[in-house]
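Two complexes are shown next, each including chain A; its partner changes from chain B in the first to chain C in the second.
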Partner chain A sequence: MTHEHAPRVNHRFDSLTINRLGLWLFLVSDASFFIALLSSRFFVSGTHTPEYVDQVLGLGLTILLLISSLSAYRAEALFEHGNIEGAKRMLLATIGMGIVFVFGVAFEWHEAFKHFPPSTGFGTILFTLTGVHVTHVVTGVLTLGFVYFRIRNTTSIGDNQFAVEGAVKWWHFVDVAWVFIYPTLYLLK
Partner chain B sequence: MHKTIQESLKVGWVVIGVLAIMTLAEFIVAVAVENKTMLFTLLLIVGLLKAWLIIQYFMHFGQLWEHVSEAWYGMISDDPEADREED
Partner chain C sequence: MTAFMPLVRGIIYAAIGYAIGAGIALSIATTTGEPSTEPMIVLGFVFAVIGWLMGVGMWTTWGRGWFGKSTTMDITGGWERYLRFNVDHKVIGIQYITSLVVVFLLAGLLAMGMRYELMDAGQNVFTKTTYNTTMSLHGIMMVAVAVAAVMGGFSNYVLPLIIGAEDVAFPRINALSFWVVPPVVVLLLLSPLFGGFDTGWTAYPPLATQTPIGGLLFELAFLTFGISSILGGMNFIATIITQRAPGMTWGRLPIFAWSVLAASVISLTATQWVAYGLLMIIFERIFNMVFFSPPGGNALLYEHVFWFYSHPAVYIMILPAFGAELEIISHFARKPLFAYRWVVRAFALIVFLSFIVWAHHLFTSGMGESLHGPFMILTELISIPTGIVFLSALGTLWRSKLRLKVPLLFALGVVFNFSIGGLTGIFLADVATDIALQDTYFVVAHFHYTIMGGEIFAIFAAGYYWFPKITGRMYNETLGRIHFGLMFLFYNITFLAMFAPGTVGMNRRVAEYPPEFEFMNLITSLAAFALGLSFLPWIYNMLNSWISGPKAADNPWGAKTLEWQTTSPPPLENFDEFPVVTGDAYGYGDESVVHAKFPNSTNAVPAEGD
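Take a look at the complex of A and B:
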């Protein structure tokens, strides 16, 4: 005779903690991918940066992404404190800045094709690094958009807490990646 | 202890202010420093500090750490309460 038991629930940790831990593990694994790509810059083209690299655009994209990180942070803080309308506004602002960032990178690519196409060493690095990063930006924009529609008509904080928190953490991760991509591509000599 | 909304938003402004100053410093260093090794080292230090600020204050890394030891413990061990219920 067999004894069937209900699945045992471990009460030492809750699902929010496990969700956070899982997301952090994923972010760490994704960061290792960026570290590998960043290090490849030095193998492929050393530390030399061509003079045609658009410094103003690079600085502008960096400032834009930093400001979008602040609006994402405010969205999370406002949502946690029950200000859903404010959180929605901040999410929209973050999405808007993300879209502008994508267009900025598209402009960068348009210019880069003229001076260092993907067949050159620096071109390979620039298109690979910015391409992988902008993919992350696009997924971030889509995720923030999904979260916006999810909380659009809600009054429940608890049911949506990790959705907002997770999407915002992803956006901050995109910012952290750019913190290293910017000097690697634009500022080294 | 949980922060009030005003405290949370204030933290955001302070962090973004410091990040802006560090980004400006990064740009000035890149223009002013000619030595490649020195430039690489300085940019790496500034980059690591900026990343730490974002991870610590915007991504709430410490918040994870509050419970992570319990979470790992829970993954590898059974709940004694549940064991007692089965007995």
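Take a look at the complex of A and C:
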């Protein structure tokens, strides 16, 4: 018995709606994890930000991630209008920016080890916040990569609609999480 | 032997996964020059769980699809379908229930060991560390049973049936949420071999960051269990929102479904907090981070984060128990559920309040004193919605013609026990008395009255109530009554006797205690042994009836809800013909109220009678 048989159901929701709801619930759940994460910043290192924090790098990472959200949005919009080629280009651009972001964080860690290693208060917070977030970024890049290969040979939207939509929504979530992490980590005095 | 193939494959893949993960950690450690076993265990475990899941069947039913390949899903067959990655919610429910019964009995045996040690004041069998490890294991295993037996077990089995659906919204995620449980149990059982953990299930740092490897295994197990809980909560919310049968409006939703929805909201959001708490402990262990130690860190952070989950978690345990209790009382009292709408509002209020009472666990921890007053008042407020649930039970019982079957006996037990648990809770919510009672046997007796007397009794009520539906056979009523009588009597002696030494200051979590508490402890221990023995008729009854009990009718209780309007046990997709809901689920005594109709057949839901 394969999964692809037409299911016999007793409800009025199509699978796209149900999947959307499931993803939103998961985002709510994950958001509460980030709330816990952000609140620990104030507990462990108050509102103090050491002057060694690389403000230029932080701002650059933020801008990069915001632009990647735009390209992810374009990918979804192009895909829904049937422009598979354009969607693939935009997906590639998003994936590329995601990878650059990961390298940016790696560079930041390399520098951070010198001034505030994980055994200091601010180091604990910096490595945890960026570490958890960059793990999310990696899952986002992998998901977008799966979607890229999945729509590779297709000319129709078909059953890939939720794959594209879900991956892009996940990417937006990762960006929004950073929008909260950035001021919490870098901009407090 | 092919039946065991998925399990064998899972174990082999888990071993391979562990080798890969531990190898990666080892190679990182050798390059940075900081060899350590704990990162190897953490990373090895992560890969081992993935290997285990893929091996038991997640790869063939799900994983292949990620790479655009075809997936196969074998959901037919006899007993061997319970030993693999199966997406049928009924199979998953039985998997949960049977696994957790084993965990429950093991944790019960640990309690017997503790009571043996506490029979006299001196230190006999256990050392202080082994006693506390036993206590901690008993705690976390029982918490796992309490969280997952109703939500994972009975909700999985009953919820899709009771709302007239063919399955949950995400069957594969449902199977995933069960199959991460076996690694959790294995880790917990392994932990005593690696030094154990004497922190209690709460795992307070800094002690939790200093325990031997056994402590790390426990923390990983707890964290993994959280994943199961989160995915389960997500699935139940989506199921209740999207999978209801036509006509199943929110106002007609059975109270059990409402209670599962309420508990799922907590499960979905609050569980992330304990995940973060445990992650902080693991990070402090393996990366030397300073969440809880100077400079900057503070152990209070963990207590806040931990109780932000663990206080709401008691409502994950008790809300579905209330739902099952009210469900059973209404069907056996043959009366409409009293104040149905108010109970739903009460559930919503409990969910809301459960998030803003956590700091009553911190009254004696050094938290700012300005927080004492607000948290005392907020905590005491929660007795209002809980009281509404009680009034609903009592109002339904009022002037009813009770059918005193075993499920109802247990449901009445919940009403009795939880009222004691609730009333003794007031003294712990109140700052002045809590400062004296904190960390004494009064607390132990109190939470056993709420969780064991409330929830575990409700689990047994649910177990007897849905036994004929799940197995297709009828349990032995006499043995069930004997079980209830013994369990109810000795349960109450055990824990009532515990209040007395608690009020005069006998500390919990100690193997040795002052001799003046000896007499009450001896009574508690003897009653506890009898309580342990009271489960023997239950085990015999369940096993024997499942194998050779008389065939059960489709609707032996004459209940109106949808799970009784299909065969016992139900077919693969629950209903041979799907129902359309036309009225209230509790319309007893009113012939005009018909809960559901099957449009193509003549059998409407029976209104009255057996």
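A few points about this structure:
We adopt the following convention: the second predicted complex is superposed on the first by the 179 of 189 C-alpha atoms of A that agree within 3 Å, B and C clash if a C-alpha of one lies under 4 Å from a C-alpha of the other, contacts with A are read in each partner's own complex, and residues count from 1 in each chain.
As a working rule, a contact is a pair of C-beta atoms (placed from the backbone, for glycine too) under 8 Å apart; a residue touches a chain by one contact, two chains touch by 3 or more.
Note that the coordinates shown come from a computational prediction; the quantities given were computed from them, not determined experimentally.
Of the two partner chains, neither chain B nor chain C is touched by A:Ala93. Residue contacts after overlaying the shared chain place A:Val138 against neither chain B nor chain C.
Of the two partner chains, neither chain B nor chain C is touched by A:Val102. Applying the stated contact rule after C-alpha superposition, one finds that A:Pro118 touches chain C and leaves chain B untouched. Using the contact criterion defined above for the overlaid structures, shared-chain residue A:Ser29 touches chain C, although it does not reach chain B. Shared-chain residue A:Leu57: touches no atom of chain B or chain C. After overlaying the two complexes on the shared chain, residue contacts for A:Leu38 are found with neither chain B nor chain C.
When the two complexes are overlaid on their common chain A, residue A:Ile18 makes contact with chain B and with chain C alike.
Once both structures are placed on chain A, chain A residues 8-13, 17-18, 21 are touched by chain B and, in the other complex, by chain C. Of all the residues in chain A, the ones that touch chain C in their complex are 1-4, 7-13, 17-18, 21-22, 25-26, 28-30, 32-33, 36-37, 40, 43-45, 118-124, 127-128, 146, 149-150.
Residues of chain B touching chain A in their complex: 4-5, 8-9, 12-13, 15-16, 19-20, 23, 26-27, 29-30, 34, 36, 39-40, 43, 46-47, 50-51, 54-55, 58-59, 63-64, 67-68, 70-71, 73-74, 78-79, 81-82, 86.
If you check the complex, the residues on chain A that touch chain B are 5, 8-13, 17-18, 20-21, 24, 47, 55, 59, 62-63, 66-67, 69-70, 72-74, 77-78, 80-81, 83, 169, 172-173, 175-176, 179-180, 182-183, 186-189.
The touching residues of chain C, when paired with chain A in their complex, are 61, 65-66, 68, 70-76, 164-166, 169-170, 173, 230, 233-235, 237-238, 241-246, 268-273, 275-277, 280, 283, 287-291, 295-298, 300-301, 304-305, 308, 573, 575, 578-579.
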